[in-house]
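Next up is a structure, given as C-alpha coordinates.
Order of writing sets the chain letters: A, B, C and D. Residues in each chain are counted from 1.
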Amino acid sequence: MKVEVRATPLAPWRELASYEEAHPELAGGAGAASVFVGSMRDSNAGDSVTGMTLEHYPGMTEREMLRLCEEARDRWSLLDLLVVHRVGALLPGDPIVLVAVWSTHRREAFEAARHLMEQLKSTVPFWKQEQTDAGRRWVEKNTPGY
Amino acid sequence: MTVAVKFFASLKEQLGCDGATVEIGEVATAADVWLQATGGKSLPPNVLVAVNMEYADQNAAVQDGDEVGFFPPVTGGAE
Amino acid sequence: MKVEVRATPLAPWRELASYEEAHPELAGGAGAASVFVGSMRDSNAGDSVTGMTLEHYPGMTEREMLRLCEEARDRWSLLDLLVVHRVGALLPGDPIVLVAVWSTHRREAFEAARHLMEQLKSTVPFWKQEQTDAGRRWVEKNTPGY
Amino acid sequence: MTVAVKFFASLKEQLGCDGATVEIGEVATAADVWLQATGGKSLPPNVLVAVNMEYADQNAAVQDGDEVGFFPPVTGGAE
(Lines give C-alpha, C1' and ligand atoms only; values in the text may rest on other atoms or scores of the structure.)
Protein backbone atom coordinates (compact mmCIF):
# COMPACT_ATOMS: atom_id res chain seq x y z
CA MET A 1 0.00 0.00 0.00
CA LYS A 2 1.32 3.39 -0.94
CA VAL A 3 -0.05 6.86 -0.34
CA GLU A 4 1.72 9.94 -1.62
CA VAL A 5 1.28 13.69 -1.88
CA ARG A 6 3.36 14.75 -4.86
CA ALA A 7 4.61 18.21 -5.83
CA THR A 8 6.02 17.09 -9.18
CA PRO A 9 4.24 15.86 -12.33
CA LEU A 10 2.34 12.60 -12.12
CA ALA A 11 2.40 10.12 -15.04
CA PRO A 12 -0.29 7.67 -13.89
CA TRP A 13 0.30 4.80 -16.34
CA ARG A 14 4.04 4.84 -15.77
CA GLU A 15 3.36 4.98 -12.03
CA LEU A 16 1.16 1.89 -12.26
CA ALA A 17 3.65 -0.03 -14.37
CA SER A 18 6.41 0.70 -11.82
CA TYR A 19 4.21 -0.18 -8.88
CA GLU A 20 3.20 -3.55 -10.31
CA GLU A 21 6.79 -4.28 -11.24
CA ALA A 22 7.79 -3.62 -7.63
CA HIS A 23 4.92 -5.83 -6.37
CA PRO A 24 5.15 -9.08 -8.34
CA GLU A 25 2.90 -10.74 -5.73
CA LEU A 26 -0.05 -8.96 -7.36
CA ALA A 27 0.35 -11.04 -10.53
CA GLY A 28 -1.54 -14.29 -10.17
CA GLY A 29 -3.43 -13.31 -7.03
CA ALA A 30 -5.16 -10.13 -8.17
CA GLY A 31 -7.81 -10.91 -10.73
CA ALA A 32 -9.00 -7.32 -10.78
CA ALA A 33 -7.51 -3.82 -10.79
CA SER A 34 -9.70 -0.73 -10.84
CA VAL A 35 -8.03 2.58 -11.51
CA PHE A 36 -9.26 6.15 -11.55
CA VAL A 37 -7.32 9.15 -12.85
CA GLY A 38 -8.69 12.65 -12.35
CA SER A 39 -7.12 15.38 -14.46
CA MET A 40 -7.29 19.13 -14.62
CA ARG A 41 -9.89 20.32 -17.11
CA ASP A 42 -9.45 23.46 -19.22
CA SER A 43 -12.81 24.87 -18.17
CA ASN A 44 -14.99 25.02 -15.07
CA ALA A 45 -18.37 26.66 -14.38
CA GLY A 46 -18.36 28.07 -17.91
CA ASP A 47 -14.98 29.80 -17.59
CA SER A 48 -11.75 28.91 -19.30
CA VAL A 49 -9.20 27.80 -16.69
CA THR A 50 -5.52 28.27 -17.52
CA GLY A 51 -3.88 26.90 -14.40
CA MET A 52 -4.46 25.54 -10.93
CA THR A 53 -2.66 25.50 -7.61
CA LEU A 54 -3.32 22.76 -5.07
CA GLU A 55 -2.62 23.32 -1.40
CA HIS A 56 -2.63 20.69 1.37
CA TYR A 57 -2.07 20.34 5.11
CA PRO A 58 1.30 18.56 5.31
CA GLY A 59 1.07 15.71 7.78
CA MET A 60 -2.69 15.70 8.16
CA THR A 61 -3.34 15.13 4.45
CA GLU A 62 -1.12 12.04 4.29
CA ARG A 63 -2.62 10.76 7.52
CA GLU A 64 -6.19 11.09 6.22
CA MET A 65 -5.26 9.42 2.93
CA LEU A 66 -3.69 6.51 4.79
CA ARG A 67 -6.70 6.17 7.08
CA LEU A 68 -9.07 6.04 4.07
CA CYS A 69 -6.94 3.41 2.36
CA GLU A 70 -6.72 1.23 5.45
CA GLU A 71 -10.48 1.45 5.93
CA ALA A 72 -11.12 0.52 2.29
CA ARG A 73 -8.59 -2.33 2.42
CA ASP A 74 -10.34 -3.87 5.41
CA ARG A 75 -13.89 -3.24 4.20
CA TRP A 76 -13.38 -4.81 0.78
CA SER A 77 -10.53 -7.26 1.59
CA LEU A 78 -8.33 -5.54 -0.97
CA LEU A 79 -4.97 -6.95 -1.94
CA ASP A 80 -3.29 -3.58 -2.45
CA LEU A 81 -3.88 0.16 -2.95
CA LEU A 82 -1.99 3.03 -4.52
CA VAL A 83 -3.10 6.64 -4.13
CA VAL A 84 -1.09 9.61 -5.42
CA HIS A 85 -2.44 13.17 -5.25
CA ARG A 86 -0.78 16.24 -6.73
CA VAL A 87 -0.12 19.52 -4.97
CA GLY A 88 1.49 22.66 -6.34
CA ALA A 89 1.06 24.20 -9.76
CA LEU A 90 -0.86 22.34 -12.47
CA LEU A 91 -1.76 23.01 -16.09
CA PRO A 92 -4.84 21.84 -18.00
CA GLY A 93 -4.54 18.14 -18.82
CA ASP A 94 -2.24 17.41 -15.87
CA PRO A 95 -3.31 14.43 -13.78
CA ILE A 96 -4.41 15.51 -10.28
CA VAL A 97 -5.12 12.20 -8.63
CA LEU A 98 -4.51 8.51 -9.20
CA VAL A 99 -6.40 5.84 -7.26
CA ALA A 100 -5.64 2.17 -7.94
CA VAL A 101 -7.10 -0.82 -6.15
CA TRP A 102 -6.23 -4.49 -6.57
CA SER A 103 -8.53 -7.28 -5.47
CA THR A 104 -9.46 -10.87 -6.17
CA HIS A 105 -12.76 -10.03 -7.84
CA ARG A 106 -14.00 -7.09 -9.85
CA ARG A 107 -16.90 -6.00 -7.65
CA GLU A 108 -14.63 -5.14 -4.72
CA ALA A 109 -12.18 -3.28 -6.95
CA PHE A 110 -14.87 -1.14 -8.58
CA GLU A 111 -16.66 -0.30 -5.35
CA ALA A 112 -13.51 0.50 -3.40
CA ALA A 113 -12.02 2.75 -6.11
CA ARG A 114 -15.22 4.73 -6.39
CA HIS A 115 -15.63 5.02 -2.64
CA LEU A 116 -12.04 6.21 -2.26
CA MET A 117 -12.52 8.93 -4.87
CA GLU A 118 -15.62 10.23 -3.08
CA GLN A 119 -13.84 10.17 0.27
CA LEU A 120 -10.74 11.86 -1.15
CA LYS A 121 -12.92 14.71 -2.36
CA SER A 122 -14.98 15.07 0.77
CA THR A 123 -12.61 14.49 3.68
CA VAL A 124 -8.94 14.90 2.76
CA PRO A 125 -7.40 18.38 3.24
CA PHE A 126 -6.69 19.62 -0.29
CA TRP A 127 -7.73 22.98 -1.68
CA LYS A 128 -7.83 24.02 -5.31
CA GLN A 129 -7.27 27.51 -6.60
CA GLU A 130 -8.03 28.17 -10.26
CA GLN A 131 -6.44 30.70 -12.55
CA THR A 132 -8.96 32.21 -15.00
CA ASP A 133 -8.83 35.28 -17.24
CA ALA A 134 -10.60 37.13 -14.42
CA GLY A 135 -7.85 36.18 -11.94
CA ARG A 136 -7.34 33.57 -9.24
CA ARG A 137 -10.26 32.03 -7.36
CA TRP A 138 -10.58 29.32 -4.75
CA VAL A 139 -12.77 26.42 -5.77
CA GLU A 140 -15.61 26.63 -3.32
CA LYS A 141 -17.39 23.34 -3.32
CA ASN A 142 -17.29 19.79 -4.53
CA THR A 143 -19.45 18.23 -7.19
CA PRO A 144 -21.32 15.19 -5.94
CA GLY A 145 -20.17 11.97 -7.62
CA TYR A 146 -22.96 9.52 -6.81
CA MET B 1 -0.51 26.88 27.87
CA THR B 2 0.90 27.20 24.36
CA VAL B 3 -0.93 26.11 21.23
CA ALA B 4 0.23 26.17 17.61
CA VAL B 5 -2.36 27.46 15.15
CA LYS B 6 -2.42 26.92 11.39
CA PHE B 7 -4.65 28.43 8.72
CA PHE B 8 -5.06 27.11 5.18
CA ALA B 9 -6.21 28.08 1.70
CA SER B 10 -8.82 30.88 1.42
CA LEU B 11 -8.92 31.24 5.20
CA LYS B 12 -5.19 31.88 5.27
CA GLU B 13 -5.62 34.55 2.60
CA GLN B 14 -8.58 36.21 4.31
CA LEU B 15 -6.74 36.36 7.62
CA GLY B 16 -3.44 37.25 5.95
CA CYS B 17 -1.77 34.68 8.19
CA ASP B 18 -0.32 31.15 7.86
CA GLY B 19 -0.42 30.44 11.54
CA ALA B 20 0.58 31.59 14.98
CA THR B 21 1.67 30.48 18.41
CA VAL B 22 -1.02 31.31 20.93
CA GLU B 23 -0.80 31.63 24.71
CA ILE B 24 -4.10 30.74 26.32
CA GLY B 25 -5.52 29.66 29.72
CA GLU B 26 -5.35 26.04 30.86
CA VAL B 27 -8.97 25.24 29.95
CA ALA B 28 -9.68 26.11 26.33
CA THR B 29 -11.51 24.76 23.30
CA ALA B 30 -10.52 24.95 19.65
CA ALA B 31 -13.00 27.82 19.29
CA ASP B 32 -11.25 29.70 22.12
CA VAL B 33 -7.96 29.23 20.29
CA TRP B 34 -9.52 30.66 17.12
CA LEU B 35 -10.74 33.76 19.00
CA GLN B 36 -7.35 34.28 20.56
CA ALA B 37 -5.49 33.77 17.28
CA THR B 38 -7.75 36.03 15.21
CA GLY B 39 -8.16 38.82 17.75
CA GLY B 40 -11.82 38.01 18.40
CA LYS B 41 -13.17 37.37 14.89
CA SER B 42 -16.21 35.10 14.89
CA LEU B 43 -15.56 31.57 13.64
CA PRO B 44 -17.30 31.14 10.25
CA PRO B 45 -19.75 28.22 10.39
CA ASN B 46 -18.22 26.30 7.48
CA VAL B 47 -14.67 26.36 8.83
CA LEU B 48 -13.27 22.90 9.61
CA VAL B 49 -11.18 22.24 12.70
CA ALA B 50 -8.40 19.72 13.28
CA VAL B 51 -6.60 19.11 16.57
CA ASN B 52 -3.23 17.45 16.14
CA MET B 53 -4.12 16.69 12.51
CA GLU B 54 -7.37 14.92 13.30
CA TYR B 55 -10.79 16.37 12.60
CA ALA B 56 -12.33 17.78 15.78
CA ASP B 57 -15.34 19.72 16.94
CA GLN B 58 -14.82 23.42 17.58
CA ASN B 59 -15.74 22.69 21.21
CA ALA B 60 -13.03 20.06 21.59
CA ALA B 61 -10.65 20.75 24.48
CA VAL B 62 -7.07 21.48 23.54
CA GLN B 63 -3.96 20.68 25.56
CA ASP B 64 -0.64 22.38 25.98
CA GLY B 65 1.51 21.74 22.91
CA ASP B 66 -1.41 20.89 20.63
CA GLU B 67 -1.60 22.01 17.02
CA VAL B 68 -4.96 23.38 15.92
CA GLY B 69 -5.70 23.72 12.20
CA PHE B 70 -8.51 25.79 10.70
CA PHE B 71 -9.49 25.47 7.07
CA PRO B 72 -12.33 25.85 4.55
CA PRO B 73 -14.24 22.87 3.07
CA VAL B 74 -11.86 20.62 1.17
CA THR B 75 -11.83 20.53 -2.64
CA GLY B 76 -9.36 17.84 -3.67
CA GLY B 77 -9.89 14.88 -5.98
CA ALA B 78 -11.47 15.24 -9.39
CA GLU B 79 -14.71 16.43 -10.96
CA MET C 1 -12.60 4.71 -29.74
CA LYS C 2 -10.70 1.47 -30.12
CA VAL C 3 -11.77 -2.13 -29.69
CA GLU C 4 -9.35 -4.99 -30.16
CA VAL C 5 -9.15 -8.75 -29.80
CA ARG C 6 -5.49 -9.53 -29.21
CA ALA C 7 -3.64 -12.82 -29.54
CA THR C 8 -0.37 -11.45 -28.13
CA PRO C 9 0.52 -10.28 -24.59
CA LEU C 10 -1.26 -7.20 -23.27
CA ALA C 11 0.61 -4.61 -21.17
CA PRO C 12 -2.30 -2.47 -19.98
CA TRP C 13 -0.41 0.53 -18.58
CA ARG C 14 1.82 0.81 -21.63
CA GLU C 15 -1.29 0.46 -23.79
CA LEU C 16 -2.95 3.36 -21.96
CA ALA C 17 0.12 5.57 -22.17
CA SER C 18 0.33 5.00 -25.95
CA TYR C 19 -3.37 5.57 -26.44
CA GLU C 20 -3.37 8.88 -24.58
CA GLU C 21 -0.26 9.97 -26.45
CA ALA C 22 -2.06 9.26 -29.74
CA HIS C 23 -5.15 11.17 -28.51
CA PRO C 24 -3.89 14.49 -27.15
CA GLU C 25 -7.45 15.86 -27.36
CA LEU C 26 -8.22 13.90 -24.18
CA ALA C 27 -5.88 16.12 -22.16
CA GLY C 28 -7.76 19.18 -20.97
CA GLY C 29 -11.21 17.91 -21.86
CA ALA C 30 -11.33 14.65 -19.96
CA GLY C 31 -11.47 15.26 -16.23
CA ALA C 32 -11.93 11.58 -15.49
CA ALA C 33 -10.57 8.24 -16.65
CA SER C 34 -11.79 4.98 -15.20
CA VAL C 35 -9.86 1.84 -16.02
CA PHE C 36 -10.37 -1.81 -15.26
CA VAL C 37 -7.84 -4.58 -15.80
CA GLY C 38 -8.84 -8.20 -15.33
CA SER C 39 -6.02 -10.71 -15.06
CA MET C 40 -5.68 -14.45 -14.94
CA ARG C 41 -5.62 -15.79 -11.40
CA ASP C 42 -3.55 -18.77 -10.34
CA SER C 43 -6.55 -20.50 -8.76
CA ASN C 44 -10.25 -20.94 -9.40
CA ALA C 45 -12.96 -22.89 -7.57
CA GLY C 46 -10.34 -24.17 -5.13
CA ASP C 47 -8.03 -25.59 -7.79
CA SER C 48 -4.64 -24.37 -8.86
CA VAL C 49 -4.79 -23.14 -12.46
CA THR C 50 -1.59 -23.27 -14.49
CA GLY C 51 -2.76 -21.89 -17.81
CA MET C 52 -5.74 -20.72 -19.80
CA THR C 53 -6.83 -20.64 -23.41
CA LEU C 54 -9.33 -18.09 -24.64
CA GLU C 55 -11.39 -18.71 -27.74
CA HIS C 56 -13.58 -16.20 -29.59
CA TYR C 57 -15.87 -15.91 -32.62
CA PRO C 58 -13.81 -13.84 -35.07
CA GLY C 59 -15.98 -11.13 -36.54
CA MET C 60 -18.88 -11.44 -34.13
CA THR C 61 -16.75 -10.82 -31.05
CA GLU C 62 -15.34 -7.55 -32.41
CA ARG C 63 -18.80 -6.50 -33.57
CA GLU C 64 -20.35 -7.10 -30.14
CA MET C 65 -17.52 -5.23 -28.41
CA LEU C 66 -17.97 -2.27 -30.74
CA ARG C 67 -21.73 -2.26 -30.21
CA LEU C 68 -21.31 -2.25 -26.42
CA CYS C 69 -18.82 0.62 -26.63
CA GLU C 70 -21.05 2.70 -28.88
CA GLU C 71 -24.02 2.14 -26.57
CA ALA C 72 -21.97 3.14 -23.52
CA ARG C 73 -20.53 6.18 -25.29
CA ASP C 74 -24.01 7.46 -26.12
CA ARG C 75 -25.60 6.56 -22.79
CA TRP C 76 -22.95 8.30 -20.65
CA SER C 77 -21.74 10.95 -23.14
CA LEU C 78 -18.24 9.52 -22.95
CA LEU C 79 -15.31 11.25 -24.60
CA ASP C 80 -13.49 8.06 -25.54
CA LEU C 81 -13.21 4.32 -24.90
CA LEU C 82 -10.53 1.67 -25.24
CA VAL C 83 -11.26 -2.04 -24.87
CA VAL C 84 -8.68 -4.77 -25.48
CA HIS C 85 -9.43 -8.44 -24.78
CA ARG C 86 -6.95 -11.29 -25.01
CA VAL C 87 -7.45 -14.56 -26.84
CA GLY C 88 -5.07 -17.50 -27.15
CA ALA C 89 -2.81 -18.95 -24.48
CA LEU C 90 -2.42 -17.15 -21.13
CA LEU C 91 -0.43 -17.77 -17.97
CA PRO C 92 -1.35 -16.81 -14.40
CA GLY C 93 -0.87 -13.07 -13.90
CA ASP C 94 -1.42 -12.26 -17.58
CA PRO C 95 -3.91 -9.46 -18.20
CA ILE C 96 -7.05 -10.76 -19.92
CA VAL C 97 -9.01 -7.59 -20.45
CA LEU C 98 -8.49 -3.82 -20.36
CA VAL C 99 -11.43 -1.42 -20.29
CA ALA C 100 -10.75 2.33 -20.23
CA VAL C 101 -13.29 5.11 -20.34
CA TRP C 102 -12.70 8.87 -20.53
CA SER C 103 -15.36 11.40 -19.57
CA THR C 104 -15.82 14.91 -18.30
CA HIS C 105 -16.90 13.86 -14.81
CA ARG C 106 -16.08 10.89 -12.63
CA ARG C 107 -19.58 9.47 -12.17
CA GLU C 108 -19.98 8.70 -15.87
CA ALA C 109 -16.51 7.14 -16.10
CA PHE C 110 -17.08 4.84 -13.12
CA GLU C 111 -20.54 3.73 -14.18
CA ALA C 112 -19.63 3.15 -17.82
CA ALA C 113 -16.47 1.14 -17.03
CA ARG C 114 -18.35 -1.11 -14.64
CA HIS C 115 -21.25 -1.57 -17.01
CA LEU C 116 -18.89 -2.45 -19.86
CA MET C 117 -17.16 -5.10 -17.77
CA GLU C 118 -20.47 -6.74 -16.89
CA GLN C 119 -21.59 -6.65 -20.52
CA LEU C 120 -18.27 -8.03 -21.77
CA LYS C 121 -18.70 -11.01 -19.48
CA SER C 122 -22.33 -11.66 -20.23
CA THR C 123 -22.76 -10.96 -23.94
CA VAL C 124 -19.50 -11.02 -25.90
CA PRO C 125 -18.46 -14.37 -27.43
CA PHE C 126 -15.35 -15.42 -25.50
CA TRP C 127 -14.81 -18.80 -23.89
CA LYS C 128 -12.21 -19.72 -21.31
CA GLN C 129 -10.61 -23.08 -20.92
CA GLU C 130 -8.49 -23.66 -17.83
CA GLN C 131 -5.53 -25.97 -17.43
CA THR C 132 -5.42 -27.61 -13.99
CA ASP C 133 -3.49 -30.56 -12.60
CA ALA C 134 -6.54 -32.67 -13.43
CA GLY C 135 -6.47 -31.57 -17.07
CA ARG C 136 -8.24 -29.01 -19.22
CA ARG C 137 -11.77 -27.82 -18.43
CA TRP C 138 -14.09 -25.25 -19.96
CA VAL C 139 -15.14 -22.50 -17.57
CA GLU C 140 -18.85 -23.05 -17.31
CA LYS C 141 -20.38 -19.95 -15.92
CA ASN C 142 -19.74 -16.35 -15.04
CA THR C 143 -19.50 -14.87 -11.57
CA PRO C 144 -21.98 -12.04 -11.06
CA GLY C 145 -20.31 -8.69 -10.55
CA TYR C 146 -23.07 -6.54 -9.12
CA MET D 1 -30.33 -23.01 -50.00
CA THR D 2 -26.85 -23.11 -48.56
CA VAL D 3 -26.01 -22.04 -45.00
CA ALA D 4 -22.63 -21.89 -43.26
CA VAL D 5 -22.59 -23.33 -39.74
CA LYS D 6 -20.01 -22.67 -37.02
CA PHE D 7 -19.55 -24.29 -33.62
CA PHE D 8 -17.43 -22.90 -30.80
CA ALA D 9 -15.70 -23.87 -27.57
CA SER D 10 -17.09 -26.86 -25.61
CA LEU D 11 -19.80 -27.36 -28.22
CA LYS D 12 -17.18 -27.68 -30.93
CA GLU D 13 -15.37 -30.27 -28.84
CA GLN D 14 -18.51 -32.24 -28.02
CA LEU D 15 -19.53 -32.34 -31.68
CA GLY D 16 -15.98 -32.87 -32.86
CA CYS D 17 -16.61 -30.26 -35.53
CA ASP D 18 -15.66 -26.60 -36.19
CA GLY D 19 -18.41 -26.03 -38.70
CA ALA D 20 -20.03 -27.19 -41.88
CA THR D 21 -21.80 -26.10 -45.02
CA VAL D 22 -25.40 -27.26 -44.95
CA GLU D 23 -27.89 -27.66 -47.77
CA ILE D 24 -31.43 -27.13 -46.53
CA GLY D 25 -34.93 -26.31 -47.90
CA GLU D 26 -35.91 -22.71 -48.65
CA VAL D 27 -37.91 -22.19 -45.43
CA ALA D 28 -35.77 -22.98 -42.40
CA THR D 29 -35.01 -21.71 -38.92
CA ALA D 30 -31.70 -21.70 -37.05
CA ALA D 31 -32.95 -24.75 -35.14
CA ASP D 32 -33.57 -26.56 -38.45
CA VAL D 33 -30.02 -25.74 -39.47
CA TRP D 34 -28.76 -27.22 -36.18
CA LEU D 35 -30.66 -30.47 -36.78
CA GLN D 36 -29.35 -30.73 -40.31
CA ALA D 37 -25.77 -29.96 -39.29
CA THR D 38 -25.69 -32.36 -36.32
CA GLY D 39 -27.57 -35.23 -37.94
CA GLY D 40 -30.65 -34.78 -35.76
CA LYS D 41 -29.13 -34.13 -32.32
CA SER D 42 -31.46 -32.11 -30.06
CA LEU D 43 -30.42 -28.51 -29.50
CA PRO D 44 -29.28 -28.14 -25.85
CA PRO D 45 -31.35 -25.45 -24.10
CA ASN D 46 -28.37 -23.31 -23.06
CA VAL D 47 -26.82 -23.09 -26.53
CA LEU D 48 -26.69 -19.56 -27.93
CA VAL D 49 -27.47 -18.82 -31.56
CA ALA D 50 -26.16 -16.10 -33.86
CA VAL D 51 -27.29 -15.46 -37.43
CA ASN D 52 -24.76 -13.50 -39.46
CA MET D 53 -22.87 -12.70 -36.24
CA GLU D 54 -25.88 -11.25 -34.43
CA TYR D 55 -27.64 -12.96 -31.56
CA ALA D 56 -30.85 -14.58 -32.76
CA ASP D 57 -33.60 -16.82 -31.51
CA GLN D 58 -33.42 -20.49 -32.48
CA ASN D 59 -36.68 -19.93 -34.35
CA ALA D 60 -35.27 -17.09 -36.44
CA ALA D 61 -35.58 -17.68 -40.19
CA VAL D 62 -32.33 -18.07 -42.11
CA GLN D 63 -31.67 -17.06 -45.71
CA ASP D 64 -29.50 -18.49 -48.42
CA GLY D 65 -25.87 -17.56 -47.76
CA ASP D 66 -26.35 -16.89 -44.04
CA GLU D 67 -23.84 -17.90 -41.40
CA VAL D 68 -25.31 -19.52 -38.31
CA GLY D 69 -23.15 -19.80 -35.16
CA PHE D 70 -23.90 -22.07 -32.20
CA PHE D 71 -22.03 -21.72 -28.93
CA PRO D 72 -22.21 -22.26 -25.16
CA PRO D 73 -22.76 -19.42 -22.64
CA VAL D 74 -19.93 -16.91 -22.91
CA THR D 75 -17.23 -16.67 -20.23
CA GLY D 76 -15.00 -13.74 -21.17
CA GLY D 77 -14.01 -10.77 -19.06
CA ALA D 78 -12.65 -11.12 -15.55
CA GLU D 79 -13.71 -12.51 -12.17
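The criterion applied here is as follows: contacts are C-beta pairs under 8 Å (C-beta built on N, C-alpha and C of every residue); 3 or more make two chains touch, one makes a residue touch a chain.
Everything numeric here is computed off the predicted structure, so don't read it as measured data.
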Least step count from chain B to chain D, where 1 means the two chains touch: 2
Chain pair showing more contacts of the two, C-D and B-C: C-D
Separation of chain A from chain B, taking each centre as the mean of its C-alpha atoms, in whole Å: 26
Distance between the centres, which are taken as Cα means, of chain C and chain A, whole angstrom: 22
Between chain C and chain B, distance of the C-alpha-averaged centres to the nearest whole Å: 48
Touching two or more other chains - residue numbers and ranges from chain A: 31-32, 36-39, 41, 104-106, 117, 143
Junction residues of chain D, two or more chains touched: 78-79
Overall pattern in which the protein chains touch one another (line/ring/star/complete/other): other
All pairs of touching chains, each written as two labels joined by a dash: A-B, A-C, A-D, B-C, C-D
Interfacial residue positions of chain C with respect to chain B in the complex: 31-32, 104-106
Residues of chain A touching chain B in the complex: 36-39, 41, 44, 54-57, 59-60, 63, 85, 96-97, 117-118, 120-129, 138-143
Touch list for chain B against partner chain C, complex: 78-79
Partner chain A, residues of chain C touching it in the complex: 11, 13-14, 16-17, 20, 27-42, 92-93, 104-107, 109-110, 113-114, 117, 143, 145-146
In the complex, chain D residues that touch chain C: 6, 8-10, 13, 50, 53-55, 69, 71-79
